[in-house]
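One chain, subunit A, appears in both complexes that follow, with subunit B as partner in the first and subunit C in the second.
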Partner chain A sequence: MRITQGTFSFLPDLTDDQIRSQIEHCLENGWAVSIEHTDDPHPRNTYWEMFGNPMFDLRDAAGVMVEVDAARTTFPSHYIKVNAFDATRGVESLRLSFIVNRPDPEPGFGLVRQEAEGRSIRYTVHAYAADRPEGERYP
Partner chain B sequence: MTSPAPATAPPLGAVPPLDLAGALGESGVDELLATLDAELVGLVPVKTRIREIAALLLVEKLRTQVGLSAGPPSLHMSFTGNPGTGKTTVALRMAAILHRLGYVRKGHLVAVTRDDLVGQFIGHTAPRTKEVIKRAMGGVLFIDEAYFLYRPENERDYGQEAIEILLQVMENQRDDLVVILAGYRDRMERFFQSNPGMSSRVAHHVDFPDYDPAELSAIADLMLDGMQYRLSDQARVALVEYIERRRQRPSFANARSIRNALDRARLRHANRLFATPGEVLSRDDLMTIEAADIRASRVFDDPDPEPDA
Partner chain C sequence: MLPYGCRSNDEEHIDVESGNHPEAPLEAAERYRAGVLKYAQMGYWDPQYEPKDTDVLALFRITPQDGVDPVEAAAAVAGESSTATWTVVWTDRLTAADSYRAKAYKVEPVPGSPDQHFAYIAYDLALFEPCSIANLSASIIGNVFGFKPLRALRLEDMRFPAAYVTTFDGPPTGIVVERERLDKFGRPLLGATTKPKLGLSGRNYGRVVYEALKGGLDFTKDDENINSQPFMHWRDRFLFCMEAVNRAAAATGEVKGHYLNVTAGTMEDMYERAELARDLGSVVVMIDLVIGYTAIQSMSKWARRNDMILHLHRAGHGTYTRQKAHGISFRVISKWMRLAGVDHIHAGTVVGKLEGDPNMVQGFYNVLREPHNPIDLQRGLHFEQDWVGLRKVMPVASGGIHAGQMHQLLHYLGDDVVLQFGGGTIGHPMGIQAGATANRVALEAMVLARNEGRDIWNEGPDILAAAARGCRPLEAALDTWGEITFDYTSTDTPDYVPTATPA
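What follows is the complex of A and B.
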């Protein structure tokens, strides 16, 4: 099951050139670009692990692409996303966030039912990948 | 465009007529070189080299238009020369010129020294150097006093690590950034001797000559113009004499010494105006530096080996 999180996630995967021009757009707007990765793609897992520090004062997308490539070689089967943080007073939040790498088989989520008080049932989603220990979730 | 990367040159005759003059006009390099001539005094070897690089890049552009490709030329440079000969100023111009010629994408200059590249403990250097390199991508990385990167007297010095990372980037990401190393001549020569890898990756070694007295007064004129001051006739004579004397001093730093001298002359000028209260000042008084403002310099008290006057 294809994870749809962040911008562009309903589109086919972006090519490197498309990623580069998106980053170029972020830098033109003065946003700080950072890279994050995770192997637990649950929608409530908001805070992924940082890959290196956020990059400030960059002028050209080539600098970010170096890091994207480094992240891909380090974590070839993790989800990797690129974030753009707008530090403008009053905004101070992410403007753009999109996935640039995903594991090849994406097992997706199962529906878990839990018997609760009375006859009520609670539902939750559970990532199949999360059954295995951290670091071994994707082949 | 015939094909993106032909192995052999396309047949003769299939090429549309090329217009070198037109390409030159289009790129706007001419104006840039003209302002370079107007705003930088002397520095003939430097200007010649910049002209050559501009010509190479223009021809390279035309060659790609007709499908001839030689890959991007290596443009890493080393600027050597005495203090105050304009290395940083030219590096700034260089970034603009390379941008105009389409060689670098953004055309900004990131000026760093050893402190910005080399870390303080094991594992600190690589991320630091990489961060600087990432900031400089799309522009020019200017490493001032680059010979400090290599300290032969300490074999555990982290500078070597920074050099290795730089070398890798200079080789593999030639189209992403241009590295300019700057420093004093003799020490840079020693630096290159002990780092042959660095020397072979730097294609252009540009030497900045010292200015002669006439050039120094031309520089003073340019600076005064920029600050909207002018010299009285006696002050001009005094300045020529001042330059003559200042050049003999051990701490003479070419254009930088001139700038400092002018700054001190402005100080004395302001104090002189202040010392005569009640007088009505004209616009001329506020602009004109008199001989007394220059002759008050310590350079004129004889043989006093004071470091700076």
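What follows is the complex of A and C.
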């Protein structure tokens, strides 16, 4: 399967040129760019690990690309995403978030059903990879 | 103006342009003598009045009957929407009547419409109960729309003072928190309404939901009139839909949602339905505009208590928003609904099958999404409006739109919008999943290109064609619908158009 979180997951994996172009767009808008990674891509896992602090006041996308490469080298089989944060009052949240690295293959998720009262069912989305300890989830 | 036999014989022409009007305020003894006065004489017309920052302001488009003076018509609207009745009453003198009277303070001709005038009216804040759209609307539109001396009347716009806005909770979730909860950033959200909207069993209905969500949509939606009919009990629909939603979430690793329509005949029934939706883990419930303003505010409170996104379908609005001469502009409904507190509201597509002039629709979107609206006559915004931190409503574009229009949709509507492709997903020749995928790929390709600095307005078709070369479902969608447009003249259009000025 292919996890389709992030802004561009339905497109073919972005090339480095395409990634750089998106980062330039973010910097032109004054957004702070950050990199995060995880081996637990559950849809409700909000807090991926931060790969360094958000990069404020950058002018050149090259600096971010260096960090993207470093993250890929350090965690080649993790999900890695690039986020852009907009501190404008009334937004103060992410404006863009897209995946730039993913494991191969992606084992995906199972759905655990607990039959409850009536015909109700309580659902749990379960990542197969999360059955193994952190750090050992992808080959 | 007055068919009742008026004490004043003054039939002088009133100079609307200059605001001069012969009806000088009367001395108290004269003013309150039993009988009938012109509304302007009763104090409902005051061209010298300077609206206070704390006043509620309203702009009406008035079309007086033949021979009725526009200023007197404006004063009558001010009177009938505040303290007046048709005759003088001495009990006014038991109140601070001067301050409670609404005041028409400006009347001007509508550009290009000789029989119509814009009437600006100011209302003291104390006339309104805090946090009640029912009370507000009972005053502003409660009585005046059937008033005989007017041939037609339309509420065009309103301005709410900060002191009034802050009495409302506003959207229970808002655009920012909705995106954070769903973990979806940087692009419009995608939805589809299940079709056919009537007749499917719960099991078959859930199939459509699963296919569309797995294929790439973020949301699917009940239609406005799918409640609990003989062919599908509401509980069946909720149970099958949530199976579909959760299966699709597991298949994609994304948060997914289905707008479960909890509209019902009573509040008790709506609460019962909303509670089951919550217990099953839905992130969103839906209501129809026809349930009424009080029911909407009640459901908003419920949604806040239960961390639920509240989707509003504007069912019925076309009966009073579409015609330019009479009714209520949808921008006023948009303002009321932002105050009342909904998270989603259908607000037009510009390019789809339903009414929507581009400028008017952008005006509605600005009202719903911006922290502050400047005066923007071209988009129908006649007042400055500060939303004082009130959360933002996500507009929904739904009705006759398809993947081939993606560049136009993104150009007109921006990122913070739900694009709903019902027929454009479910009617896809390769199936529902393929239809959803086509829309998602078209959207992501267009956002990517826009962010790269490309001119999507002109290059849009090329960008879509390039994306379709790697995506058979998008290719098929463009082959099927690429040429479909809905070019009809809008009925609700701007009164002001920009004129070119020499540089």
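Methods note: the second predicted complex is superposed on the first by the 132 of 139 C-alpha atoms of A that agree within 3 Å, B and C clash if a C-alpha of one lies under 4 Å from a C-alpha of the other, contacts with A are read in each partner's own complex, and residues count from 1 in each chain.
In the analysis below, a contact is a pair of C-beta atoms (placed from the backbone, for glycine too) under 8 Å apart; a residue touches a chain by one contact, two chains touch by 3 or more.
Since the model is a prediction, treat every value here as computed from it, not as a measurement.
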item: Partners on subunit A (subunit B, subunit C) - clash or fit; value: fit
item: Which of subunit B and subunit C A:67 touches, first, second, both or neither; value: first
item: First (subunit B), second (subunit C), both or neither touched by A:111; value: second
item: Subunit B versus subunit C as contact partner of A:57, first or second or both or neither; value: first
item: First, second, both or neither for A:139, with subunit B first and subunit C second; value: neither
item: First (subunit B), second (subunit C), both or neither touched by A:119; value: second
item: Subunit B versus subunit C as contact partner of A:94, first or second or both or neither; value: second
item: Chain touching more of subunit A, residue-wise (subunit B, subunit C); value: C
item: Lowest C-alpha to C-alpha distance for subunit C against subunit B (Å); value: 16
item: Overlap of the subunit B and subunit C footprints on subunit A, listed as residue numbers; value: none
item: Footprint of subunit C on subunit A - complex, ascending; value: 1, 3-5, 7-12, 14, 18, 21-22, 25, 41-44, 46, 83-84, 89-98, 108-111, 119-123, 125-126
item: Contact footprint of subunit A on subunit B as seen in their complex; value: 105-106, 108, 127, 130-131, 133-135, 137-139, 173, 176-177
item: Interfacial residue positions of subunit C with respect to subunit A in the complex; value: 176, 179-180, 183, 185-187, 216, 235, 239, 242-243, 246-247, 249-255, 276, 279-281, 371, 389, 392, 437, 440-441, 444-445, 447-448, 451-453, 467, 470
item: Contact set on subunit A toward subunit B in their complex; value: 52-53, 55, 57-64, 66-67
